[in-house]
Structure formats: structure tokens, C-alpha cells
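There are two complexes below, and they share chain A, which is joined by chain B in the first and by chain C in the second.
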Partner chain A sequence: MSTDMKVMVPIGPQHPALKEPESFKVMLNGEKIFEVDVRLGYNHRGIEKACEQRSYIQDIYLIERICGICSHSHTTNFVQAVEEIAGIQVPKRGLYIRTIVAELERIHSHLLWLGVAGHEIGFDTLLMYTWRDREVVMDLLAALSGNRVNYGMNTIGGTRRDFTPEQLQEILRTMDVLEDRTKYYIEIASVEPTLIQRLSGVGFLSKEDAMRLGAVGPTGRASGVNYDIRRDDPYAAYSDVQFKVMVNENCDVYGRTLVRVGELMESYSIIRQLVKQMPDGPIAVKAPRRIPVGEAISRYEAPRGEDLHYVKGNGTDKPERVKVRAPTLANLQSVAKSLENNNLADVPITIAAIDPCFSCTDRMIQVDDAVFTWERLRAYGIDWYKSQRGIDFREVKKLPW
Partner chain B sequence: MANEQQIQTELVQKFPFLAEKFVIKRERRIFCETAYDHFLEVFGHAVEKMDFKIFATVTGLDEGENLSFLYHLSRLDGTLLNIKTSVSKTNPVLKTVTGWFPGSALYERELVDMFGAKVEGLPDGFRYPLPDSFPKDQHPLRKDWKPEMLPEGAGSIMEEK
Partner chain C sequence: MVEALFTLIVFPGFLFLGAAGVLAEFTDRKLYARLQNRQGPPWFQPVADFVKLASKEDIVPAKANHFMFKLVPMLAVTAATVPIMYIPIWSSQALFSFSGDMIVVIYLLTVPTLSFFLGGWFSTSLYSMIGALRTLTQLFAYEVPLFLALLAPAVIAGTWSLSEMSLFYAEHPLLILTNLLGLAVALISIQGKLERTPFDIPEAETEIVGGTFTEYSGRLLALFRMSIDIELVVCCSIVAAVFLPFGLNLGSAVGFVLYVAKVAFVLFLLALMRTVLARFRIEQMVVFCWKYLAPAAFLQLLISVLVRGWVNP
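After this line comes the complex of A and B, so read on.
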């Protein structure tokens, strides 16, 4: 490989193919990628530090805002850790409600992903269909919790809202509608040649690399890593239900699609079992304001994979330390590997295939009261690209067009 | 909890100094603590000989005079082994575990930025998660750090060149 054929293409931090800020330096030899450098941190908001300065109850609402999609994943994980430190036994009904919302969240997240994946490969009909169907589960979540995201369902000791018998019936009815639609998507994923050929072999990640690089969730499972926190480290009500862990040996983006579509079907089944077995009784117990000295680690299978929270209590009403390891941080390290030897045109779908969530990953943002004028912002952008990337946009003016 | 006890027996037999600070908190949650001198031996043994093939992350803790680090290792059966170790805050030097898990680089960079740990052997790369303009001697997750300590404009893209 002669060095003069190498080209570096910067993608991000602001780029139409990325839904959130992140920076990829893609090194190309012709059309082929041979190295990718990833830079993160653009969404870092200092939430871990902020948690230390707020009470446990305030922290629930702050942590809910780590992510716009898996908000319930983070709060459940946090309250589970706090409940373990305080020795609180959550009533069964509270656990069942938590689990139902968790699975509804997975359904809306996976349907969203399927649409994004369709869009990234130019299959916008799939985007329109899945996002239309996603509204069905969003409406249900809004009816159950009052909100489309950030449901505010969790509190230390249980949940804040109960489900009425009518709501439970509505959940079952919605599962029938969604299951019917998902069967259609499974058919598309198994027979539609454009989808299969576009995704097969793209973004290859071997099982060994997935383990070494710490890939989690559907990204790991599509590389043959048979690991799901819901089964292997059960929490909430998962030990009361039967479900299959979707594992696929394809090791590519097509495999990641099959895993997620399969997981949708399992989620419908889990929710039906929970509604059927729903116990009576209270949804929460009263929790003390001061949480004793102690530490706990809670793990949760979020839609994107394992989410880990570490909480340390110091006997006051504020935690000593809260640590969050979101699934995208674990998965991103495998993206660079899976992009190697792919074409530049495969970058958007391969990045999208881990269903990245950079807000979760970074957890901080710097807010500044200064306001940029357009000229100053433009000059800043030109300087930045010149000093950081060696590209001088001032030269652009000299081009004939 | 036979599985957890078996792990305790094996680790304590191999490393008797772990016996004092070995706690099985509940099913699948094992905590142990070692001086940093022995940390890499214990970590390596758990990874290579005891099937702890998943490195979940490492949590940094500011404990006054020391910085402590809690390495979370997991098995595919869901058992989580948490190995805690401490170094002095005046010279917080750690060795990287990227030799076992290349994916740990970002977790270790977080310790560098947020706690001011020095991680030997960490491959070159960008800072994470703080921006380049953030003062290198300020570490936000240390207990004595306050946002007021930031010089005006630091950590912002708005910084004047």
C-alpha cells in the first residue's frame, strides 16, 4: 500500500449522517477503509458529578435525562442500586410495572432503529412504515405514563404509577397490533434481496473481537456472544418470565438486524406473560430519605446492551458517587474494528448498526453564555478545520465555481 | 451461592492476602480488595484462568488521600467480580489493562481526565471525555473540584485562540 494513496475523510462532529455529535477520522486507501479514529465527549454534561450534589430523589430525574430513548433503563438501574444499598424490597407489582415499561421502551427503541437502518441504506419505505408503527407504542407509553419519553415511572422503593385493568387490556391489544406488523418486517428481513444483500458482510465483527472490545447487547449477540443481562443477571421481574435470547452468528449488520427484529417478538411475549401474571398489591414501599453507607452495582439490559450503574452511599441523602457505563461506550470501540476493510459508503449504516447513543455515552455538556455572531462562528470553523484537520476552507473560494 | 464461594476459594488460595477483604454481597456480586502491587496479578489470573472474559468498566473513587479504582469483570454467566485497588493521590500511577482488553482504553482515559490518574501503557489518542481546552490539572470528579475553579472560557469551544 503506497502512502500517497491514503486519504483522510473527517466525519463529524457535525455531519448529516450522524444524529448526534461524534467525530470519526476515516483513513482510506481508495474506497477501502483501513483505519478509523473515534473521538467522543461532545455530549459530556457532568451528570455523575451533578448527582453527588443532589438528593437521591432529584438524581432519579437527572438520570432519566441521560438518554432520550432509554430513559427508563437508566432510572431503573439507578434505583435498583439504591434499593440494594438500603435493603428495600420492592413489591412484586412494582417490579412487574417496571419490567413492562422496560420492554415497551425496547420496542420503541428497536422500531426506531429499524427505521434509521432502512434510511441509511436508502430504503426509506421501511423508515416510513416502522416509524408509523412506532407511534402505536409511543401512544401507549404516553397513555400509561403521561409522556412519550422520560416516563417518570420509577422511584426508590417501586413505581409512581399503577396500571388500571383497562390499561392492561390496552397493552395486550397493542401487542397484537405490533406483533402483526413485526411479522411483516421479519418477512422483509428474510426475503427482501435488497436488504439482505446491502447488509450482509457489512461491518464484520468476529466473536473474539466482540469479546475483546467489550461489545454488548444486540451488537455482541449478532457476533455470537450469548449474553443477555435479563437472563444472566436477572433483575426486576425477568426471572418470572420465559424468553429466548436472540443470538446470531452472521457477525455483520444483517445479523444485528435479525437480532433486533427477533427481540421485538420476544418483548411482545414477555409483556403478555407479565400482564397475565400481574400480581395484586402495592406498587411501592416507602423509602428512607437518607440512604445508608454502602455500595451496589446494578446491571440492566437496555435496548442497546448492558447498562451498568455503580452507586456508593455515605449515610446522607446525597450519594457519594454515581457511575454510569452506558452500552454505546462499550459498543463504540467495536465500530472502528468493524469498519476496517469496508467501503466508505458503508460508514453510516455500520455506525448506525450499534444504534449509537452519544448522550448516554458522554453525559456532559459545557454551557457558555457567549453568543457567536455568524462571522465569528464561520471564522472559528475555518480555523478549527485548518488547525485540527489540515483543511483550509479559505481555498474553496478560489475554486472556479 | 456455591459458584461464588468456589470463586472465593480459588482466589484466596492463590492470593492469600485477599482473604481479609473478600465479600460476597449477594448472588453474582463479589467484591475483593488488593494493594496495587498485586493488582495486575489478581486481575490477570481472573481473566486468564477463571474465565472472567468481559471487562464491564472501571469506576474511579476519590477517597481522600487515595484514589481507588474498582475494576468490574464479568463472566458470561452473569457473575460480577469487582476488584478494588488504591494508589496515593500524590502519585496516582496505574498500568493499563488494554493488553487484556483493548476496549478498556476509553474507560482508562476517563480516569485520566476525571480523576487525574496516570495510566502507563495507554495507547496514544484523543482526550476523553473532556475537551482539549479543559485545564489538564483539573479533574472534575475529585471531591475538591468545584466548577468555579475553571478559568473563564475553559473547556468551551468558545475559547479565544
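After this line comes the complex of A and C, so read on.
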């Protein structure tokens, strides 16, 4: 192919590689990428604003629906912030249950990611296998909470459901099954030649760039950023358990895969420790309906990286302001950087490697001068049709219908 | 005249091959699904897909070359159908044969790939263009190893005719064992020709949407799908005829059963390859074909020349 063949390939807003609408304009030189333009905002739902109009209890359920995968992450994060403002001490057993569900969620999210990654590089067998095994943990979550995705476990002051001793035994049994399967995936990831060829060296992100662009979670840890909120700023029951933070120096998509598979193994061990040390006692304390004046920031290691919630209370039963910084927003900047000098074939897997969740991320951006009045919008529309389609609506006297 | 039309349209022409192609596609999909721990489609799924596509509207892009856009799918089906006439299926005699028909078969099989390229090119859509370029790039990578691998058994048999070749191997069945390396090379190359994983680069859906066929819909797409199915059967038949030519002198009935078994075996190997491998990148594919596949094919050729000297000094 000639070297001066420059084309722009639009990946999105609608594209088979993306599960949610988002726009990546990829500038190609032959098959090589030299520039990527990332556009947000196709999936904005206005949840932050909606939270201000509802009570704290209603907000928990709204915030649970920010993300279909890390639903428990967002609610835990939110109730932690509210509990800090109200000065509520959550009982130990409640914290343990929160943490167990959080780790189960990490397991199902990472297994889901592994399958998606397989699909993006045309390895559908991996997708079918991991998603089959993901059903094991989904079934467990359904048995524990009654739901597969939005568990509704959290409430301000603790959790809403307790675990019976039989359920705790069931958790341990499931961990054995999943550990077995995960070992098989670790073996695949270390021996399967086409998989390694497609992943290693792809989407390179140096440690300096990862720090500079603020990459979080597995994306940052795969570039050597040794940082995990669970260890560095423990919340819930994480100060009571021992675990390793998976860090990898590969700096590429292969490293991100290894970090995630390694975190799966750590999650199994964390859950086993929690079940073993499970304290007795109440699971929740009664929280006041009105939350006092105050503000708090809460941090949480979601499966995709550090999640951050800011809540400001004004003494009523509704928050003054809720702000969510989902991990994908922190990682999205690193995508453009790690795509540079890669092949077009590597775009899907490099975007997927941060485990993007665009609907969590999307926010409205108000660009100066972009707010149209009705008259301006009308004039703009007439001009657009005149220049682009050759129709002058000012001269159309009577509409044909 | 009637006989010729029957040969072309009914047996072993378009209708027979179409039915065989549909059956092959079902077998392939079912095997792929079972290997992936899935249920897989019911037996009539490929027929249902074909009927549904054929009943849909054809949409031709405004900027596309209408004549070529509509002609190319028919070209693909025709070119995929004709080679079966020259391949010995259940006896050691093909329907038609002349000295050198192997070359004709190989070249006819290149035409569907070229028509995929032309179809993508005349679609004038960005994704189709990239898919078309990848189809052509890939063609240059797998054609040479495929030709060399098919050439090796012909060198031992000392003939360019597929029918004469199968006669020769019916007399010397053990010589097939010297062609096993060539069989492996041919299977991998055919995976590239049929654009299946790990060589489904021209239609990698997560990268370039539908690849070459992005703009095709309705009957035209159905024809393309049919040509791929027929190509699958023809490629499996060639491998069966060239590398597994045993049992062809046992009469038509036994020969036909054996033929089905051989094609099923080749299909199983192709489906297995599709299951256990991830998609290559285009430059990885070209490097793989020239660095490993072509030398392996040359090695097979060398073995064949030596065997030829030993068998027929």
C-alpha cells in the first residue's frame, strides 16, 4: 500500500466493535493509525441532575442503574459518601456482605471482559467459554440477592439482605469451580500462540503516559502503576483481608489481560477469607431520612478502576449535588495515546482493553455559543438545507402535503 | 443439449452443489457450535437464511457501479460451481477431464476471491474498500502455498489431470502418506481462501463491519453466501480427491459414501481450526504464509520429487 494513502475511518457512534454508542475517528496512513479523535456524549442520561430531585433512598436505586456491570460499585460508593456525611457507623457484618458482593461483581465483570476481548480479536471460542462460566457467578449472585445485575443489596447504614450459613457454603463451593476454570484460562493466555500474537505489543501505554493521563484500575496497573484503592485507601472490609495487587510491566493489552486474570484469582482468595472471618451481628443500622449539611468524597476500586463519588447534603432528604467520576472517564484519554502507531485491526481490542462503559462516562458538554435559540436553530436549518441539499425553504410557498 | 443443461443446472451442477453447500454450511456451523459448547442451529437454518435473504430488497449504493455491483455475485457463484465438473468424486473418473484440468480448477477457484474484491471495490464504501484490499493482499499470501501443496501429489503421479491422478493413487495407495505435510499446508491455505478464522481478516466484523460485503443486501448477498458455501464444498472435494484418493475403484455406491465421509473429515478439521485460533492481523497473516507455509510447501515438493525418483526411476 502506498505511504501517502490517508483515510479517516469512523469507528462509531454505531459500530459492531462498540457495545454502546461513542465516536472514535481514526486517521489511517495505510493500515497504520496516526491520530485518533475521541468524542463523548452520545449516551448522556442526566442521572446526576435526576439525583438532586429524589430522596437519598430513591437515589440508591437510580445510581445502581448508572452501569449494568458495576452496579454494586456505584451504590456502595454513594452510600459510603452519605454515611460519612451523616456519621453513620455500619456494622461489621454489613461491611463484609458488601465486600463479598463487590468481589463477586469483580469476578463477573472480569469474566465478561475476557469474553469481549476474545470476540474483538476474532476468538469467539473464548467468548463462549468465559460467558458460560460467568453464568456460574451470575447464578450465585441471583441466589444471594435475587437479581442477576442490579442486586439492590446496599442501603444507607448497611445492607438489605443477610447471608445464611448455607449460602456462605454455596459461595465457597462456587469459588472452587471458578478457580478451576480460571486456571484453565491462565493456561490458554500463556500458551495459545495466536492469542499472544494479537495481544502483546498492542496498545502500548508507558508508565509515564499512564501517570500523566490518569489511567486507573487494571489499565494503570498493567502499565506498572502500583495503585489500588482497596489497599491504599481501604474501605468496607478490605483492611481485614490479605491480597496481592496485580501489577504488570508489559504496558500492553496482553499485560491488561494478565492483570485481570490475576485479579480473578485474588478475588477468590478474598472471598474465601471474608466467608471464613464473617462476624455475627446486625447487618444495618437505622439511618435518618434527613442527611445533615456537609459534603464527602468516596473512593472505590470498581472492576474497571477507581470510581469516585461526591455528595453534598443540605439538611433535607434530597442531596444538593451528586457527582460521579466513573473509571472509564479516567481511562478514555489513555486510549487515544495507546492507539497511536497501531494497526486498524488493533482498534477494537485496544478500545476494549480499558473495559469501557460509555454510559457511565457520558456527560453533557456545553460548548460556548452552541446553545441555539429557536430563531437561530431555524435559520441554521434553512441554511444547511440550502448549502447541502440545494433546497431553499424560504422560497417554498406551500408544502406539498 | 438437454443432458448438458441437466449437468449444469441439476447434477452435479448448481442445484446439487447448492444443496451440498447448504449441508456443508450446516455441518460446519453445528460442529463449530458443539466445539464451543453451544447448541448450534437446526438443520434447516442455512436454507432459512438463504430464503430470507433472497426475499429481501436489494439495495444498491447510489455511487456504486450498478452493472458491476449486480454482475459480480453471479460471477462468483458460476466460478465456484464449474470446478466440480473436473473433480473425481466417487469414481476415479471426473465428469469431464483433460490433461491439465487441475490448473483450470485452481484458477477457477481464484475467480470467486477476485469477485469478492471487485464487489467490495465497486461498492465504493470505505469499509468495503478496506475489505477488498485485504482480500487481495490475502490472496497473494495463500495462493502460492496452496498451488505448491496441490502440485506435490501431481508430481508423484506424473500428471496434471485430477482424474488420472486418482487412478494413479488407486494403484499405489500407500504413496498418499508422503503427502501429509502438503495436506496440512492445503488445509491452512483453504482456510485463507474461504476467509474463515484465523484468516477472516477481510470481513473482520469488529474492525470493518461487514468488510467486502458491507453494502450488499438481499438476493445479491444471498448469492455471495451461496458462492462461499459452494466454494467450501469444492475446496473440501479437491482436498479429498488429491490427498485422500483411496477407495475410488470400489464402485459408485461405496465411493459416494467414502466421498461424504472424506468431505466430513476435512470439514471437521476446518471447523476445529476455526474454533481454536484467534484472528491474525493482515501483516501477521502475510508473514506467516511466506515464512512458514510456503517453505513447508516447498519441502513437500522436494519430498515429492525424491519419491518420484524412487518410485519411477
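Everything below uses one rule, namely that the second predicted complex is superposed on the first by the 358 of 401 C-alpha atoms of A that agree within 3 Å, B and C clash if a C-alpha of one lies under 4 Å from a C-alpha of the other, contacts with A are read in each partner's own complex, and residues count from 1 in each chain.
Assume a contact is a pair of C-beta atoms (placed from the backbone, for glycine too) under 8 Å apart; a residue touches a chain by one contact, two chains touch by 3 or more.
Fair warning: this is a prediction, and the values are worked out from it, not measured in the lab.
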First (chain B), second (chain C), both or neither touched by A:A330: first
Which of chain B and chain C A:T194 touches, first, second, both or neither: second
First (chain B), second (chain C), both or neither touched by A:H15: second
First (chain B), second (chain C), both or neither touched by A:E170: neither
Contacts of A:L213 with chain B and chain C, given as first, second, both or neither: first
Contacts of A:F123 with chain B and chain C, given as first, second, both or neither: second
First, second, both or neither for A:L344, with chain B first and chain C second: second
Partner touching more residues of chain A, whether chain B or chain C: B
First, second, both or neither for A:V7, with chain B first and chain C second: second
Touching both chain B and chain C, residues of chain A: none
Interfacial residue positions of chain C with respect to chain A in the complex: 35-38, 126-127, 130, 133, 197-198, 200-201, 204-209, 275-284
Residues of chain B touching chain A in the complex: 25-26, 28-29, 31, 53-57, 59-61, 70, 72, 76-78, 80, 82, 101-107, 114, 125-131, 140-141, 145, 153, 155-158, 161
Touch list for chain A against partner chain B, complex: 37, 39-41, 44, 46, 48-49, 84, 211-215, 225-227, 229, 231-234, 295-297, 299, 306, 308, 310, 312, 321, 323, 325, 329-330, 332-334, 362-364, 366, 368, 370, 372, 380, 383
Chain A - residues contacting chain C, complex: 1, 7, 9-10, 15-17, 31, 118-126, 128-129, 132, 192, 194-195, 197-198, 343-348
